[in-house]
Amino acid sequence: GGGEDSDSAATEGQLTWSYALPDSAPVLLGIEEGIFEKHGIDLVAEEAAATDLVGALISGKVDLSVNTGPGMAVAAGQNVPVVAVSGVTTFEEGATGSTGSALVVPAGSDIKAPKDLEGRKVGVNLLKSASEFGVRQVVADDGGDDALVEIVEVPFPAVADALASGDIDAALVADPFMTQLIDGGAEVPFGDPIETVFADSPRLVMTSTREWADANPDTVDALRDAVAESIELADEDPSKLIPIYEKYFKMKPEVAEATQINKLEAGISPASFATINDVLVRYDGIAEPIDVEQVVAK
Amino acid sequence: MNQSPPVSAVRIAGLQQTFVVDGVSRHVLDGIDLEIRTGETVCVVGHSGTGKSTLLRCVAGLHRPSGGEVAVAGRAVAGPPEGLAVVFQDYGRSLMPWLRIRENVTLPLRRTLSRQDRNARATEALAAVGLEGVERLYPWQVSGGMQQRVAIARALAYRPQVLLMDEPFASVDAQTRSDLEDLVVRIAAESGLTLMVVTHDIDEAVYLGNRVVVLAGKPARIAADLEVDLPSGRDQLTTKADPEFLRLRGEVMSLIRRETASIAERVSA
Amino acid sequence: MNQSPPVSAVRIAGLQQTFVVDGVSRHVLDGIDLEIRTGETVCVVGHSGTGKSTLLRCVAGLHRPSGGEVAVAGRAVAGPPEGLAVVFQDYGRSLMPWLRIRENVTLPLRRTLSRQDRNARATEALAAVGLEGVERLYPWQVSGGMQQRVAIARALAYRPQVLLMDEPFASVDAQTRSDLEDLVVRIAAESGLTLMVVTHDIDEAVYLGNRVVVLAGKPARIAADLEVDLPSGRDQLTTKADPEFLRLRGEVMSLIRRETASIAERVSA
Amino acid sequence: MRRRLTAAAVEAWLPVALVATWWFASASSTSIYFPPLRTILERFQDLWLFERVPTDVAFSLTNLGLGLGAGLVAALAAGVVFGLTPRIHTAMTPVFEFMRATPIVALLPLIVAMFGLGVTSKVVIIALGAFWPTFLNTVDGVRAVDPLVRDVARTYRLRPVTSATRVMLPNAAPQIMVGVRTSVSVAVVIMVGSELFGSSEGIGYFILQSQRSYAIADMWAGLILLGLLGYALNLLSAGVERLVLSWHEGRRTGSTTVAAAGA
Amino acid sequence: MTVSERVVEGRAVMSGASQPAPPAAARPTRRAVPAPVSQVAAVAAILAVWSWLAATDQVSDSALAGSVESFARLAEVLGTSESWAAIGQTLTAWSISLAVALAVAVPLGLLLGRSMLAYRSSRFTIDFLRTIPALGLIPLAALVYGASREAVLIIVIPACIWPLLLQTIYGVRDTDPVAIETARSYGLGRWSILGRVVLPSALPYIATGIRLSAIIAMLVAISVELLVLVPGVGSLIAVAQRNGETVDVYAYTLLAGFLGLAVVLLFSRLERRVIAWHPSVRGHR
């Protein structure tokens, strides 16, 4: 059950799950379609803010949450006992053919390759996240010095003006802002650095505390199966996700229609954390590589 | 209404004042007509609560009258007129507690005088009212009577053409009071100041005034307007013993008494 | 110090008061000794700024004296004593602007009386000072003299054993003033009230007091303590014409004058 | 000497007691969000004494100083005008109150769009936040001026500037000061918020980054720094207050009454 | 009813206060522009600036929506039960916070304002805590209480206690010493003086504090809702922002602004009643 005095609707046998990011949509689809019920799981979904995915979990307010691969690594690096129960998406583009995010520059910018970002200012939505690490890594991979790139946090709605005024020279943005910017003439010189860097690393994973996972191995298995089955369903027909976006993320139909979904992947291989370890250690996201066993539920 | 000749410093015509409290009108002044010539001293007497202060405030342009007209130096009063100073009845509250006594006195002089001149004037005016060595104190550090004299000094230092004083000597001892009376008489004579003094001391009214105006009734009207026919070089001893002084004093007293039912009569027990 | 007998309502011994302003000591009261018997009326006179109000505040327990002792009803004063009321010189500020006049008067009665009794007392006391029909106004809606009378009514309604009044009639007209004087004399006689009145009106001091204390000097001491030997059934006309009255009045006046250099002499002209 | 010791003891006992309580209560804490105070203080020493002072602290304090200064000056000027001019007050109140009630978090993109990502937009939102408490108190303080004092100013026909600086502002000063002190702490809070975006340094930035990377002891160390900063700023405003309001304190306490003869 | 009622040419129009009666009809009067007209003019001016900013290329569409669209959308969302539920949730959190703040800050402020000892003892602690930013504590609140109303309250309550506490302390200290001496000399006890003299005299300060805190409570509640996605007006804004629906963002922001305005108007009216005696309300004598 949920936390002892949680005011969520969780009753005996129910599991509460706080979701965030449109990548959660396949799981929500599974709930809608009764897949979780079929596996004997009564999953209640509650939306959470993207910046607050660990707190409620640790305090026992919810049983399950979501996180990103790099986010989990950072948490594990500080000994936060969060484990991945199941994967949902990776950083690769999915059936819709786009990750829905990219690095954009103003029309006519002389930034053509990652190395050109040296000495420039790049806006990202969240620092110390895959966005920042991705940008730094592509610059390094291109033979540049990422220390010369200044990365600042810019809220998506402000990116257009920040680019226009020259406050920043490039920005890593996601939809629907990416499409708006491109429609407005912005250019995408070299794709999505996050995808480039992290590729098949887990993007969205479903998480729980280690304690919970250890105590409920059967439920963990059932959850994995249910997620896998939900993903299969979404993979077969991505259009099924559109009503989910509308219902759970309150998107307008046009926006829901245009929303991209990354590659769906329920499994988490230990190897898939190799890149994350590598990159995060390099950029001080974590002090030393994490033990993958430590972040994936058995 | 006909144009007032410039010789009248204050002209009040058909003045009415009404306050509305909790929806009930309190009619305080009704049809006051009064003309004060330049250089004249008019004392206003009347029992407590008649409307003396209200009248003064209308002249000072602090109340908009409900009816009638007030003109000072020939110009209709809409706000406080130029060259007019007021010594308020509530002198304590009229001093700024954040300013030292000297600064309180020099405050109105900032428009016109240099700092040095201001200070000189303040020292002079304070000395004139018998206050020396208190320039650097705050108003709340001196006694009630001293505060009242600071307020008087402030008005004198301003050198107004028209000076309105509301019970200006109420809080000082008898000796200081007569000294201040003489001071005011002398300044009025020397500088052609037009003076309107509200007082509840009938001796003082007759001693100071060229005219004594008795305010009485509810709403208040001018019950009497008496010329004081005393020699102009007044002094406390001879003037107050003058038979004319005593006659006027008696007359004013009886006029007021007629209007005022004695409290004693009204008290039940 | 020896135990004071209960008959003395107020006993002041060796009272000293010093204010330190900007590091400079201003020595105001020095070695005041005064004993007021129960039921006695003592008037304190002295020129403006001598320290009369300061003395009163020490008796009321509002100032801690710098030296000496004050006892009221045989008990040393540390804070305001029981059964003592004060009418402040600064009456305007002593009324609470957020309370209507009736509530201002009943405020001190809340401890002891029911609402109905309180209101009855207030109405009675207000009537006694000549204020009717103003119970529901706020203090700032009535004239200065009326405010002063509200403060007096509040003190009377409280029915204190010891009443301290600081220039209580300074802002009322002559007629009301004599009525109030008589009222106070009558109440004092009827109820055995011990009264200490600061006044700058020498006539009033002699008329009201069983004793007149003259405060003078810098720092102030008691320059004279005169018994007033007038018949106790006083009235404004006969008492004030009594030769003894006139003699005392003259004596007090000359005592004060001796101490006060006339302002006129000090003004440089 | 003795008196001074007593005064110090009075000031200090509560903070000391609270810190002690925190120290012992957290000593064996294993909660990641509530690390032992000892750990926090160690981090505090490492971080703020004085490694990050020239960068984060200097950056934040500059923004704070500029924003607070601009906000307070604007608040005083506008407060006097509004307080003295009922017509302006009446006309502008709905607009002002509406603006005041608009959540700035929702308008961050607009502010970035208008003032850029640099220091300007940070200073602007700090100024905006610091404006209100002082402004409201100034308006109310000026409007509360004793009517008689206002009459004095009018009859002596003081120049508007004299009237504002010598009469209205000093009269409102006690109330203005409380506004200023609220403004100061609001400004610190908003300074932290302003470093939510477009920053790569600053105390607020540091705290938020620590939080996101689960360096919770660092976050607490940052919060403690802010508290100390707030206290220091308050000392500063209390000093200003002592200067500005000495008359007020004297009148209130009658502090000029001193028992000279060793009573 | 508008705030303009509070001041009509510097005089209060209300029961309890008094004013010189209006001049006789014959007198030429210089009437001011009626309050509503000037207010509408001011609002129109602001709307014009907004429309101009939105219409020109000063600011991109993703940062600023047009004024007409935003108001139209506001009217639309006001027709949905979802918005009303959100308003209800925000107002509940707001009213609880303000009530708690009042219940704590005013008595505590009275105590600290009257007792130098208590004030000195707590000065450091208060100044220290006052400056710890609510924003920094949001994750902690979310940790302990999740995305729930408690998380909002735990942040909002302190945020509105501090200003109110400070205002009360200063208001208490501004009580006229003569008034206190009067009360003392009439033997009023400690508590009577506190309740009958000090509190009424501090009310104008407290009233300012309440108006400050009321808005702070609203702003912080909405911000917490926005950042932690606690249901309420704030979470509506957050969702709209995430989905890039600028018009919605502005519609809900307007909604928040109007909520605040309503609150201020309510308190201004209350204030006029409670401190009818005060010069700022009774106007000019």
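Letters are used for the chains, namely A, B, C, D and E, taken in the order the chains are written, and counting of residues starts over at 1 for each.
By definition in this document, contacts are C-beta pairs under 8 Å (C-beta built on N, C-alpha and C of every residue); 3 or more make two chains touch, one makes a residue touch a chain.
What you see is a predicted model; the values in this text were computed from it and never measured.
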Set of chains whose contacts include both chain E and chain B: C, D
Separation of chain C from chain B in steps, with touching chains one step apart: 1
Most extensive contact between chains (C-beta pair count): D-E
Centroid-based (C-alpha) most distant chain relative to chain C: A
Centroid distance [mean C-alpha coordinates] between chain E and chain C, Å: 47
Rounded Å distance, chain A centre to chain B centre (Cα mean): 83
Between chain D and chain A, distance of the C-alpha-averaged centres to the nearest whole Å: 39
Touching two or more other chains - residue numbers and ranges from chain B: 19, 21-22, 90, 93, 141
For chain D, residues contacting two or more additional chains: 33, 109, 112-114, 146-148, 151, 196, 248, 251, 254, 256
Contacts with two or more other chains, residues of chain A listed in rising order: 51, 55, 58, 155, 157-158, 160-161
Chain C contact footprint on chain B (complex, rising order): 19, 21-22, 45-53, 89-90, 92-93, 124, 127-130, 132, 136-137, 141-146, 149, 166-167, 170-177, 179-180, 182-183, 200-202, 253, 256-257, 260, 262-264, 266-268
Residues of chain A that touch chain D when the two form their complex: 51, 54-55, 58, 74-75, 77-80, 123, 126-129, 150-155, 157-158, 160-162, 165, 167-168, 285
Residues on chain E engaged by chain C in the complex (per definition of touch): 16, 18, 176, 178-179, 181-189, 192, 196-197, 200-201, 203, 275, 277-278, 282, 285
Chain B contact footprint on chain D (complex, rising order): 146, 148-149, 151-152, 154-159, 162, 166-167, 170-171, 173, 247-248, 250-251, 256
List of chain E residues in touch with chain D within their complex: 2-4, 6-10, 32-33, 35, 38-39, 41-43, 46, 53, 58-60, 62-64, 117, 120-125, 127-137, 139-140, 143, 162-163, 166-167, 169-171, 173-175, 177, 204-205, 207-208, 211-212, 215, 218-219, 222-223, 226-227, 234, 237, 241, 249, 252-253, 256-261, 263-265, 278-280, 283-285
